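In structure tokens below, several structures.
Two complexes, one shared chain (chain A), two partners (chain B, chain C).
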Partner chain A sequence: MKTYPANYPIVQVRGLKKLFPVGGGRKLHAIDGVDFDLQPGRTLALVGESGSGKSTVARCIVRLLEPTDGDVVVHGNSVRPLNPVRMATMYRTLQMVFQDPNASLNPRMTVRKVLEEPLKLHLSMTQDERNARLSELVTLVGLGEEHLARYPHELSGGQRQRIGIARAISINPEVVLLDEPTASLDVSVRGQILDLLKRIQRELNLAYLFISHDLQVVRHVADEVAVMYLGQIVERGPTAEIFDNPRHPYTRALMSAAPVARYGVKRERLRLAGEISTPVDPPPACRLSGRCPIEQPVCSQQRMPLEPINETHSVACPFSDRVAEAVAPPVPAAKAG
Partner chain B sequence: MSDAILEIENFSGGFMSPAGEYNQVLHDVGYCLPRGAMTAVVGETGSGKSITALAVLGLQAPTFRHRTGSIRFDGTEMLNLDARGLRDIRGSRISMVFQDARAALNPVFSIGRQLADTWMLHNGGSRAAAMDKAVDALRQVHIPEPERRARQYPHEFSGGMAQRAMIAMAALICTPELLILDEPTTGLDVTTQADIMELIVDLAQSRGLTVCLITHDLGVVAETCDHVVVMNKGCVVETGTTEQIFTAPQDAYTRKLLAASLLTEYSA
Partner chain C sequence: MTSRPIDIESAAVVAPPRRRPRRRHSLTMKLGAGLLLFYAGVAVLSFFWTPHDPFMPGAGPSYSAPTWEFPLGTDRLGTDLLSRLMVGTRYDLGICLAAVAIALTIGTILGTIAGYYGGAIDTAIMRMVEIFQAFPGLLFAMLIVQAVGAGVVNVIAVLSFVGMPDYLRLARAEVRSRREWQFAEAARLVGNRPIAVAFKHLLPNSMGPLLAFTSVNAAFSVLIIASLGFLGIGLSPDDPEWGNMIARGQDGVMTGEWWVSMFPGIAILGMTGAFYMLGDALSDLFDPRRRT
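Up next is the complex of A and B:
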């Protein structure tokens, strides 16, 4: 385990853009200028609804998709352009865990084969060393050596996701991108997998990019939260601040819609008008314009950049101080007047 | 309980494997749905919550065998009904909404046509009148521009809009006494999910519907339902009012499920 100075960014994402051509010269702006850092031992959560571009961000970082513009810097080195040798080096640092362990594990490979493959590809180990590493890995994710001989279909959903995690950490990466790692799991299994991820992060000092639409989970695991809407980050800050004092109207709408499994909690919902607008050739305006309850004339005339409101909290809305007075706060207990 | 519209008692059943082995999955399941109330049936994957509900309408998988018990809807024993008897109840008295609305709708017919066909099947009349009913139903579930949307096909609808159309069909085109919703908001975004639940509550209250909400999401239940049935591994482990279940759960599994939903530590 390497140690780094405080706030050392292992990965810096700068001005990342991904546009998909949709015919007729039009472009779908899946990601439209996203910046963030990933630091060892810390979790940044990307939250947002379907189509907000959060999975595309992860896919652009590990180059399953080629970004249209912008840069990903790993340990000070840009990964663009990327030749096969540098790609291999990058994968030593960056690994990914996917949402659906049924789809991301090869059904015809035993757990041993699945976990052995990255070791063979990336590390020069003897067979004995590999065997030792395999038993270490399965133990680390809370399974036993007897699971090594099994095929994915012989495992439960939670066990499969443990194997997905074991595969990602097998070659000692420093950064793990987790794309909805608990979305396909039952709630009781969800808690176990989250505990496992937190323990591994502590033991290996991993940086996590945690992509999720489940706000309850995000609050539980994240140090910092970035809220995405239509390809842009509209608000970013420490987890407690984003949840307790959301400043962007979209963040507030999202938070106020999330149900809580407690009796007697009544939500004051902030409703956005209409449906999500199209990401195809969006006009140079705030992405929320046309839906926003505190919209001003200027909102439809220019893009709203992410501006800091204090040292750690940034909001892409110049009228964020009016959010609280325009609508009731999301937590009913804190409801004023 | 005399004022229950549906009473399930000692319902046991299981699946036949291709080798002819019988694997029991439901063990003496029993619960009732009080008339005019919203009852949630909660549990994790494999708890038997969906199979039980499908059995009410005779929609269980062909390999399912029921062994014991009874399912009485408004006094009628559902398990004794033949195909014709079930047809008379399905849609007109009990209707159902499934998880994936875009998969439940027919991809080759327009949304309006599917709603109109359903209306004509139950009520007869002209196609033009049925089409008016379809557009009106879409309007009542707050689908914008219902005339234009009625001419569109399921793939042109978002998940949330398709679920609204399904609810229009199940609750407005059919005018059931009991509406069974099987994970109606799973897979939808939180804002869409909240809108759909509000719509369901509105419709249930304004039409005096009895609603059975099958879900794994306790958050949705806490806000909307009156009664809760908790299932685990094919058994009903606890039933009670929403307040009882959430504030004073008696069963260990219920407590575990609640803690897991809130991601808090579970202490027995």
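Up next is the complex of A and C:
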């Protein structure tokens, strides 16, 4: 486990953009200028509804997709100019856990082969050392050596995701991108996997990018939250602040849409008007304009950059002071019940 | 090819567990595989033993109808037809298997590359293939055999050349459809180079449909071999290839010596049928849409 000075950013994402051509010269702005850092031992959660570009961010960082613009810097080195072979070396530092463990494991490879592959490709180990590492890995993710001989279809969904996690950490990466790692799992298994991820993070001092649309889960795991809407980060800050005092109207609406498991609490929903607008050639305006309850004339005339409101909290809304007055608090106070 | 042994057991269970368990070995598969094993056995046996010398004229009387001594009769020169038919199995099965193996290997490799990389590489390979495919297979084979000359090796080369585009297209389509699969992306993240992802991860998962197709396609190859033989192109008229034998006997058909052409014809029918049945059973096994 390497140690770094406080707030050392292992990964710096700067001005990341991904545009997809959709014909007729038009472009779908999947990611439109996203910045954030990932730090060892800390979890940044990326939340937002479907189509907001969360997964695209992760895929651009590891270059499964080629970013259109912007940069991803790992330990001070940009990953963008790397050729596929050098990029493969970068994956020693940068790993990813996929959303669907059914699809992300090769159905023809046993667990042993799945976990051996990264060891063989990155490390020169003897067969004995590899075997030792394999049993260490399966134990670390809460499985036993008997699982090594199994095929993915012989495992449950939770066990498969444990293998996906074991594969990601097998070569001691420093950064793990978690693309909705619990979304395709049963609720009963979800907690176990989250606990496992937290434990591994503590033991290995990993930096996590946790992508999720499940706010309960995010509150449970994240140190910091970035809220995405139509390819842009609209608000970013410490988890508690984002949940208890959201300042962007969209964050408010998102929080108020999340179900609360508490009896007798009357919730006030903030409903945004209309449908999510199109990410195809968006006008230079606030992405929420047209739906926003506190909209001002200026909102449809210029882009709203992310501005800090204190040291740790940034909002892409110049009228964030008024949000609290205009909109009822999203999450009910704990005194109820 | 870097592919590992094909594991039919694990290939069959890629599907979600909800599906009804399928019968792994249908009757068609047993029949097709059994018949092919029989042909292979005959071909091997013909190296060591045939009832008579298949190349010696006058082993019996000219145009002898089937008797105990000559179970399938003799031809105009009095050569034993059973012996010739047995030796002919070597030609038809051997040429077919060799040609199919070469076509499958080359087609799969090129198709995988085209399918995984896409772009300019894909375009270059596919345009080339389309030029080949613009000709009907048999006609193309005839043209090339005439150009390069006769001989077993040449016939194998030409057949594999003519058959290769189909394998290439199928391999390309299979790999293309799976390129975006998550385990292919996961394989990249594990540190595989793109070419390793294509051949180590995608191709083994595409082998099922390819093998099924190969078997069906082998049936066509047998027909093309026999057609070339019948037309007297490629092999020497003395080679006891089945198509050749039918051609030799066609004079007799009108005058009542039906057996000379009939038995090689049945042999061809049996072999194409066997390949067909095996291929059909294999594609049932691998085609997800037919898994009901």
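Operating definition for what follows: the second predicted complex is superposed on the first by the 332 of 337 C-alpha atoms of A that agree within 3 Å, B and C clash if a C-alpha of one lies under 4 Å from a C-alpha of the other, contacts with A are read in each partner's own complex, and residues count from 1 in each chain.
The rule is simple: a residue touches a chain if its C-beta (ideal position, glycine included) is under 8 Å from a C-beta of that chain, and two chains touch if they have at least 3 such contacts.
From a predicted model like this one, the values you see are computed outputs, not experimental measurements.
K.L.:
Following the overlay on chain A, give me a clash-or-fit verdict for chain B and chain C.
P.N.:
Once chain A is superposed (C-alpha atoms), there is room for both chain B and chain C without a clash.
K.L.:
What is the contact status of A:V85 with respect to chain B (first) and chain C (second): first, second, both, or neither?
P.N.:
Touch status of A:V85: second partner only.
K.L.:
Is A:I163 touching the first partner chain B, the second partner chain C, both, or neither of them?
P.N.:
Neither partner.
K.L.:
Would you sort A:G191 into first (chain B), second (chain C), both or neither based on which partner it touches?
P.N.:
first
K.L.:
In the superposed arrangement, does A:Q95 touch chain B (first), chain C (second), both or neither?
P.N.:
second
K.L.:
Just checking: does A:L148 make contact with chain B only, chain C only, both, or neither of them? Give me first, second, both or neither.
P.N.:
A:L148: touches no partner chain.
K.L.:
Look at A:E117 in the shared chain and tell me whether it touches chain B only, chain C only, both, or neither; answer first, second, both or neither.
P.N.:
Second partner only.
K.L.:
After overlaying the two complexes, what is the shortest C-alpha distance between chain B and chain C, in Å?
P.N.:
Scanning every C-alpha pair, the shortest chain B to chain C distance is 6 Å.
K.L.:
Let me check the overlay on chain A: which residues of chain A are in contact with chain B and also with chain C?
P.N.:
none
K.L.:
Spell out the residues on chain A that touch chain B in their complex, using ranges where they run on.
P.N.:
For chain A paired with chain B, touching residues are 49-50, 157, 186-188, 190-191, 194, 213, 215-217, 220, 253-254, 257-267, 269, 272, 274-275.
K.L.:
Using the touch definition up top, name the residues of chain B that touch chain A in the complex.
P.N.:
44-45, 144, 158, 189-194, 197, 216-223, 242-243, 245-247, 256-258, 260-263
K.L.:
With touch defined as at the start, can you tell me which chain A residues reach chain C in the complex?
P.N.:
62, 64, 84-85, 88-89, 91-92, 95-96, 98-100, 103-108, 117-118, 121-122, 151, 153, 164, 167-168, 171
K.L.:
Chain A touches which residues of chain C in the complex?
P.N.:
Residue positions touching the partner: 7, 10-11, 13-14, 17, 181-183, 185-194, 201, 204-205.
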